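Written out below as structure tokens is the structure these notes cover.
Each chain gets a letter, A, B and C, in the order it is written, and its residues are counted from 1.
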Amino acid sequence: MNLKDIDIVSIRDLDRSQIDHILDLAEKMIPFATGERMTRCLEGKVLANLFFEPSTRTKLSFESAAARLGIRVLEVSSATTTSMSKGETLSDTIRTVESYSDIIVLRHPHEGSSRLAAHFSSKPVINAGDGAGQHPTQTLLDLFTIRSEKGGIEGMKVVMVGDLKYGRTAHSLAVALSMFGAELTFVAPETLQMPTDTVDQVSEVGHAPRLTSDLESVISEADVLYVTRIQRERFPDPEEYNKVAGTYRIDKTLLREARKDLIVLHPLPRVDEIAPEVDYTDHAKYFRQAFNGVPMRMAILMALLGGELD
Amino acid sequence: MNLKDIDIVSIRDLDRSQIDHILDLAEKMIPFATGERMTRCLEGKVLANLFFEPSTRTKLSFESAAARLGIRVLEVSSATTTSMSKGETLSDTIRTVESYSDIIVLRHPHEGSSRLAAHFSSKPVINAGDGAGQHPTQTLLDLFTIRSEKGGIEGMKVVMVGDLKYGRTAHSLAVALSMFGAELTFVAPETLQMPTDTVDQVSEVGHAPRLTSDLESVISEADVLYVTRIQRERFPDPEEYNKVAGTYRIDKTLLREARKDLIVLHPLPRVDEIAPEVDYTDHAKYFRQAFNGVPMRMAILMALLGGELD
Amino acid sequence: MNLKDIDIVSIRDLDRSQIDHILDLAEKMIPFATGERMTRCLEGKVLANLFFEPSTRTKLSFESAAARLGIRVLEVSSATTTSMSKGETLSDTIRTVESYSDIIVLRHPHEGSSRLAAHFSSKPVINAGDGAGQHPTQTLLDLFTIRSEKGGIEGMKVVMVGDLKYGRTAHSLAVALSMFGAELTFVAPETLQMPTDTVDQVSEVGHAPRLTSDLESVISEADVLYVTRIQRERFPDPEEYNKVAGTYRIDKTLLREARKDLIVLHPLPRVDEIAPEVDYTDHAKYFRQAFNGVPMRMAILMALLGGELD
């Protein structure tokens, strides 16, 4: 399968067989991501990490992935880009940066900016989050984590909990999981439930999801619990926030009801959503998930730059 | 020709044969700059990118040039240097940084700072812009772009338009172009015309330049149109600015009068000086010019660090 | 001797033979640190430079050391970490960053943070300064500088002058020097003298130190003069500061009383503590000391990552 020079702006830019290919490739990257094995197969290549807003994990995991493959990174961070974009259009910035590099990773606060960048750039563009839009490499690493921890995605009972309305990655993850045959349950307070159009998409590509606000009633059947952060700013009334945040806090008491092999995921950073005591249980896979950002981004860079393991 | 360990503080540090040598070397660097070919000939070397004020293009193109040659970059950006220079003299900073690196690229807001740095550093110093002073690598890449796009500089009719008074690079570019036999026309409102001493220097080393404020009257003969930005801040009266900015805006209507093989250059970033519609014409070479920053800076690093293509 | 995978949080984490081993290794690193010789023995490894507060010299010398060994650096600077740590605990940050890298260098404003990081990280942690706590790599490079400039530390008469009370590195340096048999004199105004517990420790491990506020009376016997900065902020009364700062300013007049082979050290940056005229004397070794940060940090990285010179 040849994915050389494609853009990854949305997870929908990839069909199922292409996603499978990338997941397989990520699996192969693990010993290189841990530093156990070494490759220089993309040495001499240059990646531009263009971050118009901070996103430490995404930025660092791309940098680490690049380093493990011998790729050099040009960092264009928010501080710099502020000055860069002083009156300059994004299309001019992109046309300049593409002439310095072989591939562009773009994080930008405005939805659609990655699509625009891909239009103007002759080099591949990877969307690393564009506002309320897509964050496809996060979706891919989440799929990868579930597949590698549970042996597959098909038939898995995945409970997503937290802010499902505004949470950027929740929407595309839900659709992707459904496409792979997962059975979804969306747990959120009514004001933060999954938007109707996403619920409809999920049903179209796979099983109809279940919606509820009661986490305890669904925890016992779950194979995967995907926790997202509820932001205080969403609530005009702080008491209302405290009530909701408290309800969805994952701790050992709640997990007593869970299956022994339930895995708990979280895109991080977490604040209070998961109690530290959970870290020491076998359920906790969120740091492994963070690590998986490296082999997944290595796989994507390999695919788009046409690298071959030596 | 041996340029190893020299400083490049001003374009006048180089004689004509040295400039020719660097231009030839930049030509050879192109396939390496695009990533088509790969070299590790300067691997293990360390470049300190010391930016006391932001300058994204210059910084990134040096980083890209370094990456393509296998050189590692220590970034000392404005944020860091603020803290570094807290009470520390520039000469102390330079003597510390030179002990961590093999070559120093310095951008500093004060004229003369690069000369001072070169005095204190035992490692070569490249001036990447020192306030109202010099920016010799920009001049070199401009010469290179004209030479490679037009086949030579001798006898070329170059029209420079915009802020020729305060524009940092316009002065040294004009002198260098004249030295190479170009015939210059300076187009600017009276208040922003080329300073008399630069006009005198241009005449001394080559043809006497023509001065005018009327762009339309000279566009039809031009081989090269070099556009620079007019900064709003120069005009106490905003209406005055709008009038001037509008007069010198390059668009397709203006270019109807131009030769078919006219090339339009701009050091970027542009704001309104060139209409986006021009991007799609064969005249537009400013993004190519931005790219040329990479092979030119590779050539300079090769020359100063004594690299040999393997 | 095997130091692979140990943490270096405090100089006390190392016994005397381990310190000797690192000093020997640093000696061997010098030709690689200057760029005279090249090695790729740690290529493919990734170092996370995690700086929660700025410290240009420490950061850059680790970067330079890494570059000379072929190690890639992930920079997590204060700007980024501010956003990273938005509500995130240090332990979460560390567990994420360790999954992207092979070794962590941590600078943090809070005492004890490096010990905490070492507890949570499965990868080695190097303390690059934690508030009023330790800065062991600075201590090591100071020992290294004295040893290589004077041929040994045993029996050396070392005069430490300046702010010995609050100066972070003065305490652990004093103890380490005493352990190696140096004879110490502490010169400071009474309000900034070495704390009693450090004086006690120094006496325990070696010779009892001499305390005085009169620099002139002790300068003539010194082999090493270690100068630290007195911060204006320590003095409520500016006149009091000026008097003290003036008293301890090192200039050629003072050095007339010194031995010919006295060496003057300073961790840099200096402000007024050492007159620029001293730079041109043979006493001045503070820029050499800054350079020594590179071979010393190379030695530490070699030891902790298990590198072998090819």
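Observations on the model:
Assume a residue touches a chain if its C-beta (ideal position, glycine included) is under 8 Å from a C-beta of that chain, and two chains touch if they have at least 3 such contacts.
Model, not experiment: these values are computed from the prediction.
Mostly differing positions are employed by subunit A and subunit B in their mutual contact, as under half of the interface residue numbers are shared between these two copies. Rotation angle, subunit B onto subunit C, C-alpha superposition: 120 degrees, expressed as a multiple of 5.
With centres defined as mean CA coordinates, subunit B is found 40 Å away from subunit A. Multi-chain contact residues of subunit B (touching two or more other chains) are listed as 75, 79.
The residues of subunit C lying in touch with subunit A in their complex are 43-46, 48, 72, 74-76, 79-81, 83-84, 86-89, 91-93, 95-97, 99-102.
Interface of subunit C with subunit B (complex): residues 35, 38, 40, 54, 56-57, 59-61, 63-64, 67-68, 75, 77-79, 268-271, 276, 287-288, 290-291, 293-294.
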